[in-house]
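Structures for review follow.
Two complexes are shown next, each including chain A; its partner changes from chain B in the first to chain C in the second.
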Partner chain A sequence: MNLQITPQRTLAETAIIDAFGERLSALPGDGAVMVKRDNAIEAVKAGLPTKRVESWHYTDLRRLLTSVPPHDETANAKAVAPLIEGSTVLSVLNGVASEKPAAIDGVTVQPLAEKLADGSFAPALETYGSDDAIGALNIAFVGDGFFVDIAEGSELEAPLELQNVQAGGQTHVRLPVRVGNGAKATIVERQTGSGAALASSVSQLLLGDDAEILWIIVQDQPETATHFAQFKAELGKNSKLTLFIMNAGGKLVRQEVVVDAKGEGADFKLRGVNLLAGDSHTDVTMVLDHSVPHTTSTEVIRNVVTGRAKGVFQGRINVAQYAQKTDAKMACNTLLLSDDGEFSTKPELEIFADDVQCGHGATVTEIDHNHLFYLMARGIDEKTARGLLVKAFLAEVIEELEDEPTVEALEALLDGWFATHG
Partner chain B sequence: MLEIKNLHARIVEDGTEIIRGLNLTVKAGEVAAIMGPNGSGKSTLSYILAGREDYEVTEGDILYNGESILEMDPAERAAAGIFLAFQYPMEIPGVATMEFLKVAMNAQRKARDEEPLKIPELLKRVKEAAGSLNMDMAMLKRPLNVGFSGGEKKRAEILQMKLLEPKLCVLDETDSGLDIDALKIVADGVNALRSPDRAIVVITHYQRLLEYIVPDSVHVLYRGQVIKSGDKSLAVELEENGYAGIIEEAA
Partner chain C sequence: MPAVQDTIDRVRKIDVDQYKYGFETEIEMDKAPKGLSEDTIRFISAKKNEPQWMLDWRLEAYRRWVTLQEPTWARVNYPKIDFQDIHYYAAPKSTPGPTSLAEVDPELLKVYEKLGIPLREQEILAGVQKPADSELDEANDNVYKSGRVAVDAVFDSVSVVTTFKKELAEAGVIFCSISEAIREHPDLVKKYLGSVVPTSDNYYATLNSAVFTDGSFVFVPKGVRCPMELSTYFRINEKNTGQFERTLIIAEEGAYVSYLEGCTAPQRDENQLHAAVVELIALDDAEIKYSTVQNWYPGDAQGKGGIYNFVTKRGDCRGDRSKISWTQVETGSAITWKYPSCILRGDDSRGEFYSIAVSNGHQQVDSGTKMIHLGKNTSSRIISKGIAAGFSQNTYRGQVSAHRKASNARNFTQCDSLLIGEDCGAHTVPYIEAKNSTAQFEHEATTSKISEDQLFYVMQRGIPEEEAIALIVNGFVKEVIQELPMEFAVEAQKLIGISLEGSVG
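Moving on, here comes the complex of A and B:
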C-alpha cells in the first residue's frame, strides 16, 4: 500500500506559488517557455528541499527560507561602479536588463527577455537534476538578463562586468554567455543590491575549444537578502576556466557551481573566499564532472567565519569511467573567528576510472596565537594584527589571480568587509 | 629603566611556577647579560617582559621607567619602547616582510602621536638598516621569516630592532644558530644601538656572544631567581668553571 503524505505548505512555498499565479501573465515567453515555467513551478509545489535531500543536507531550504517578498515593480535599483576600473558594464536592474551599452568589439549582447519572448531560449531552460530547486525557481520566474556571445578568437581587452542589482522584491535573472573557440576574456558577475530581496540568478557559460575565461563572482548582498545563484559551465577541448567566487553578504545564500569538463584537455580552477558574518547562512555547492580523459581541476575554498554565521561547502567530483588521467584536487580551509560560528565541509569523490589522481583536504583552525603575539610584540594592536593574519589566510587565493587591478579590487573589498565586520 | 621586583610567574595552562622571586635592575645605557643553565627561566623572563599571555604574574612587579607594565598588552609595551628579539622568530605565511615592517613602524608611530612614514622615507630607512646587516632587499619581499635560514631570521629580528628604535631591547638567545660571521654582523648591529638612553638585556646560554657584545653587568639565573650578579668577569668564570660552583655557593 502506498501512503501519500503531502506536508502542509510553508508560508514561503505558498508565497512562491501565489506569486507565480500573479506574475505569469507579465513574464516573457512563447508556448515552449511557458511549458518550462509550468513544469518548474510543479517542482516547487512538490515542496522545497529539506535536509533529508542529500545535496541540501546542510541547507534545509524548507526551514531556512522564511520570507518571500512580493514582486516590487517600483523598486529602484541603480547600477554600481564596476569592480575593476575600465570594465564594460551590462546592468540588470531590479530584474530588468538596462539599455544596451555601446558596441563592444567581438561581443554580441541581447536582452534575454527577447530570447524568452521568441522562444529561442526555451531549450536552455533546464534543471540539472531533481534536487535543482534554484534552477526550478529561476525557470518559473526568469524575466530578463543578458545573452552574451563572444566571437571566436576575440580577446577582450577590458573586463566585461555583468551586474545584477536588486532593490527589494523578487528578481529572477539569467546570464548566458557563449564563448567562441579560442576567445579570451575576464568576466565579472556582480550580485549586489540594497533591499531584502529574494534574488535568483543563473549564469550559463558555454566555453569553446581553446577558450580562456576568468570569471569572478562577487556577491555582497545586504544582510537581509536571500540570494540563490547558480553557475553552470561546459568546457570545450583545451579550454581553461578560472572561477573566483567571493561571498561577502546576504542572509541566506546558496551559490551552486555545476561544471562539466567535457572536452579533452580542459582545465577548471575554482577559488573561493567566503566572508561570513552575523546570522547569515552561506552555502557553496559544487558538482564537477570529469567526463572525458585528460582533464584537470583544482578547487581551493577559504572561509572566514565571525558572529553566529554558518557556512557550507560541498564539493562533488564525478570522474566517468572513460575519463582516465583525470587530475583533481580540492581543499577547503576555514578560519573560525568566533565560538558561535560554524562551517560544514563535505567533499565527495565519485570515481569510476582507475587511472586518475584525485585528492581532497579540509581544515578548520583559529588564529594562531603565536603569530598574533609576534605581531603584537612589534607594536601592532590586536585588531590590526588579527586583520593582517586573516588577510594573509585569504591573500593566497586572491593573489593567485595575478592580474594586478583584479587583485587590488578584491583586496579592497576584503578591507571593506573587515572594516565593518572584523 | 627596568626594575623587576620579587617577580613570581607561572604557566597559565598548568600552573607550573617558573619565575620564583626574581629581582633585577637595569639602568639606561646599561647592557645586562642574563645567563643560566637550560630550564632556569631565561626565555620565560623574556616572554613575560614582552607580555605573552601564556604566563601569569602571581606576585611582584615589573617597572619600566618607574611604571608597572603588567596591565599592558604586548602591543602597548612595544609602542612604549620594549622590544623582544625572539629566540625562534615566527614564520608568518601570507604577510610580506616589507608590509609587516611598514605596519609595525607606523603602528608604533601612531601610538606615539607621530605622523606615519611616507613610503620613500620608509624604504630609505629599511634599505639602510638592511645594508648594515648584509641583508638582501629581495628577502624582504618574501613572507615574514618564511623559508629564512636560522641566521636570516636572527638578522631580520635585529633589522626590526634597528627600525623600531626601542628603548629596552631584550635579546633572547640571539646567538643560537649563528655561525661566527653572522654572529659578528648581529653583534655589530646590537652594539650600534648602544646609547645612554637605551638599555639592552642579552639572554644567552654561552659566553661566546658576550665577547662581541661586552656587557656592563652579568646576572646568573637559576630556578627562576637571580642567584649571582657581577661584571663581565663573571661570564668568563662561568665559561671556565660551569654553573655548578655558583649554584652550590648560592644553595
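Moving on, here comes the complex of A and C:
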C-alpha cells in the first residue's frame, strides 16, 4: 500500500498560520475579501512548496524558509530618498500607506486599505496557478498599499516612486497600477528596509492600449530579510512595457514576473541585474504569455554570484496556439565568481504556434581570461581589472534604458554594491 | 512560411497510418499469466534458470517498486497503466534457448527478414544475398558494404539469436543475451549490473529491475577495439505483453565499441508498455558509442494504440579520459519518456548526445539528456532537433550540472524545434546548474524558420528554392546523422525522410 503521509508542519508554516489567527481581526476587508483571505490561508496550510513543485524546483521554500517573525506593531520605518531626483514619492511604511500625497496631474491615488475595506478590490485578489505561494501569502495578509490610476492620455513628467519600506516584523503590501490608453510614465518600485522582516509585495499593472511604461524595481533589503515579490502585468494593444529589475540584497528573495501580452502589437522588455553575495538565495522567475498574434518580447538577465550565494533564474515563454508571428528572445548570462556560489537556470519555451521566432540562450561562466589579460597587460592590477569587467557586464544592460538620470541612479547603486561586496 | 510544402508532404508520408512494420506474426508463444506479483518474478527467474542472487535482486526491486508512485512530471498524458493487465513474459515456444539459427523457428526468421535485419551470418559472410527490389533491403545492402554487424535479436521477452559470437569471442569480446551472461559470466554481471542505474533509480527502472526478461550484454576487455558493430533489434509481437529489456555494456580500459539498437512492433489498438534499462560503463580511455533508431508503433491517426516507451538509459564515464556518445533517432512510440544520460565521473571524460525526435499524429515525446559533470576537465555536447507535426507534442527536457569539484566543466547545448501545423506543440525545458566557478555552460534553443540570407545566397547561385533549402538543411541535420554508424544513418534518413529547415538560422 502506498501511504500518503502529510508531513509535519515546519516552524515557518506554523508561524504563518498562527500569525493569520492573530492578525485577522486587524486586517481590512469586507466579506468578499475575507473569503479570499480564508481560501488563501488554506493554500498555505496545505504546505509551502517544495522542490517537487516544478515552479519552485530550485527554491525549496519549505526547507529555505526557516523562521517567520511575528507582526511588529512598534516597528518604525522611514521613507527613503527617491532613486531618481524629482520623483513623486508614495511610501508604504511597515505595511501601512503613509498619508495621502498631494494631487498629481492625471493620477488618482487611493490607499489600498480603503479599497479592501469596501470590498471593491476583492475581485483582483487572485492567485495564478496552483503553486502561487507568494500570491496566497499576500492575499491572506495584505493590509495596505496604493491603488494608482493613471488617466488616459496623460504623460507623467516626473517619475512616480512607490516605496515599500520595512523595519522588521511582517509586511504584506499590494501596489496595483492601472494605466489608461495612450498614457506614458516611469514608475520606480523600491523594496527596501532595515529589519529581519518577512515582506511580501505584489504589483499589479494593467496597461491600456498604446500605453508606454518603464517600470524599475530596485530591491536592496538587508541581508537578514525575506522578500517575496510578484509583478503581474497585462498588456493592451500596441502597448510597451519595459521592466527593469535590480536585486541587490535580502537573505531569501523570490521575485516573480508574470506577464500576459494579450493585446496585438504589445511589446515587453525585461532587463534584470542580480547581484548576489553572502549566504543569500535569490530567485527570479518569469512566466510570459504570448496570447495573441504579433506580440514581441526580449528578456536579458545578468547575474553576478559571489560568496556562498545561490542564484536562480527560471523563465518560461508560452506561445498560445494561434499567436502567430510571435517574436520572443530570452538570454540569461551569469558570472560565477566564487567556487562556493551556485547558479541554476531553467529557460523554458512552450510553443503551440508554428510561425514564430523564439529562442533562448543561457550561459554560466567565469570572467574571460583573455579580457583579463588584455587589461592587466596594460598595467591594471587584477582586482581592478576584474571589477571593470564585471561592471561592464552589468552596465551593458543598465545603459539600454537610455534615460540619463535613471541610468546614473542605477549605476550609482551598482557602485555602492561593489564598494561593500566587491 | 513556417515550413515548405515539401517538408510537410514528407512528414505526412511517415504518418502513423503508414507504419510499415505493423504486421503481426503467428508464433506459438509461451507466456506468463497476466499480472505482476512475486510469483511472476519467480516464474521469470525460473524460466531463465537464474541463480538465487539474481532472483533476490529482482525481488528486492519488486518490493521497492510497490512502494513507489508513477512519476507525473513529464509533459505527457495517458490513461493510467494497469500493471496487472500485462504479460510480463512471452517467448516463442519452439526455441528454449537456441544455439544456432537452425533451431530458430522459421516464422521468426521471416519476421526479421521482413524487418530487413541480417541474421543469416553465413550469407552475410559470403556477401551473396544481394538486395531484392524491396525498399528495406537497401539498408541491408549497406550493411554488407560497410562491414559486418553482429546482431542480437530480441523477440518479446527473449533473445532469439546472437550472431558472430565466435568471431567476437576470438577478439575477447563477449556479446550475448543478458540471460546467458547471468548464467555464464555471473561475476561480471554481479559487478556491473545496477551500478549505473540502481534498482532504486526511478519507477520504471525499478519495475524493469524486477521483471526484465532479456536484453544484450557486451563486454569489451582492456585494450580491445571491438572488430565489428554490435546491434540489437527489439520486436514486440505478442498481445498484451510488456517488453522489459536490460542492456549492459562494459568497455574496459582503452576499449572501443559501437552499439546499435532498433525496434518495431505490430499495429494494435491497445497500448503496450516498453520499459527498458540500458547501462553503459566506460573505464579509463574507453569509448562507447550507442545509437538508437526507435521506431515502435506510434498508434493510429486517432491516437489509438501504440507503444509507451519509458526508458532509462545512462552511461557512466567511470574512468579518466573515457567517452560515451548517445545518438538517437526517435520516430515511433505513442509516448516517449527517455533521457539518455552521461555521468562524467572520470577526469577529462566526455559525454555527447545527438538526437532527432520526430513526432506526428498524436505522439507525445518528452526526451532529452542529462550531463552530470563530476570529474575535472569534463566536457559535454548536446545537439537536439525536434520536429512536431499533426497533433503531437514534442518536448526537450535536459539537465546540465557541474558539481563543486568539477573544475573546468564545459558544456554546449543546442536544441532546435520545428513545428508543422497549428495543432502541435514544441517545448524546451533545460535545467542548467553550475556549482563551480570554472564551469562554462552555453545553451541555445530556437524555434524559427530558415534564414532568408542563407537562402538568398544559395538561390542567387542559380539553385532553385526547394533544392536550396534541402542543401542548407542537409548540412544541418548532418550534425546528428553523421554521428550514426553508416548503416543506421541510411535507415535513419529513410525513416525521417524530411528536412529540418525550420531550425536553421
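To be clear about the criterion, the second predicted complex is superposed on the first by the 418 of 422 C-alpha atoms of A that agree within 3 Å, B and C clash if a C-alpha of one lies under 4 Å from a C-alpha of the other, contacts with A are read in each partner's own complex, and residues count from 1 in each chain.
Throughout what follows, contacts are C-beta pairs under 8 Å (C-beta built on N, C-alpha and C of every residue); 3 or more make two chains touch, one makes a residue touch a chain.
Quick caveat: nothing in here was measured; it's all calculated off a predicted structure.
A.B. asks: Mind checking chain B and chain C on superposed chain A, clash or fit?
C.D. replies: They fit: once the shared chain is superposed, the two partners occupy separate space.
A.B. asks: Compare chain B and chain C by how many residues of chain A each one touches, and report the one with more.
C.D. replies: Of chain B and chain C, C contacts more residues of chain A.
A.B. asks: For A:412 in the superposed arrangement: first (chain B), second (chain C), both or neither?
C.D. replies: neither
A.B. asks: Give one of first, second, both or neither to describe whether A:356 is in contact with chain B, with chain C, with both, or with none.
C.D. replies: second
A.B. asks: Could you say whether A:35 touches chain B, chain C, both of them, or neither, answering first, second, both or neither?
C.D. replies: A:35 contacts neither chain B nor chain C.
A.B. asks: Between chain B (first) and chain C (second), which does A:46 come into contact with in this model arrangement: first, second, both, or neither?
C.D. replies: Touch status of A:46: no partner.
A.B. asks: For A:348, select first, second, both or neither according to whether it touches chain B, chain C, the two together, or no partner.
C.D. replies: The second partner, chain C, only.
A.B. asks: A:365 contacts which: chain B (first), chain C (second), both, neither?
C.D. replies: It touches chain C, and chain B stays clear.
A.B. asks: Closest Cα approach between chain B and chain C after superposing, in Å?
C.D. replies: So the smallest C-alpha gap separating chain B from chain C comes to 13 Å.
A.B. asks: Considering only the defined contacts, which chain A positions touch chain B in the complex?
C.D. replies: 369-371, 373-382, 384-385, 388-389, 391-393, 395-396
A.B. asks: Along chain C, where are the residues that touch chain A in the complex?
C.D. replies: The touching residues are 1-3, 67, 69, 73, 404, 417, 419-449.
A.B. asks: Name, in rising order, each residue of chain A that touches chain C in their complex.
C.D. replies: 2, 54, 57-58, 321-322, 334, 336-339, 341-366
A.B. asks: If you look only at chain B, which of its residues touch chain A in the complex?
C.D. replies: That would be residues 50-53, 73-75, 77-79, 83-84, 86, 89-90, 92-95, 100, 103-104, 107-108, 111, 143, 160, 164 of chain B.
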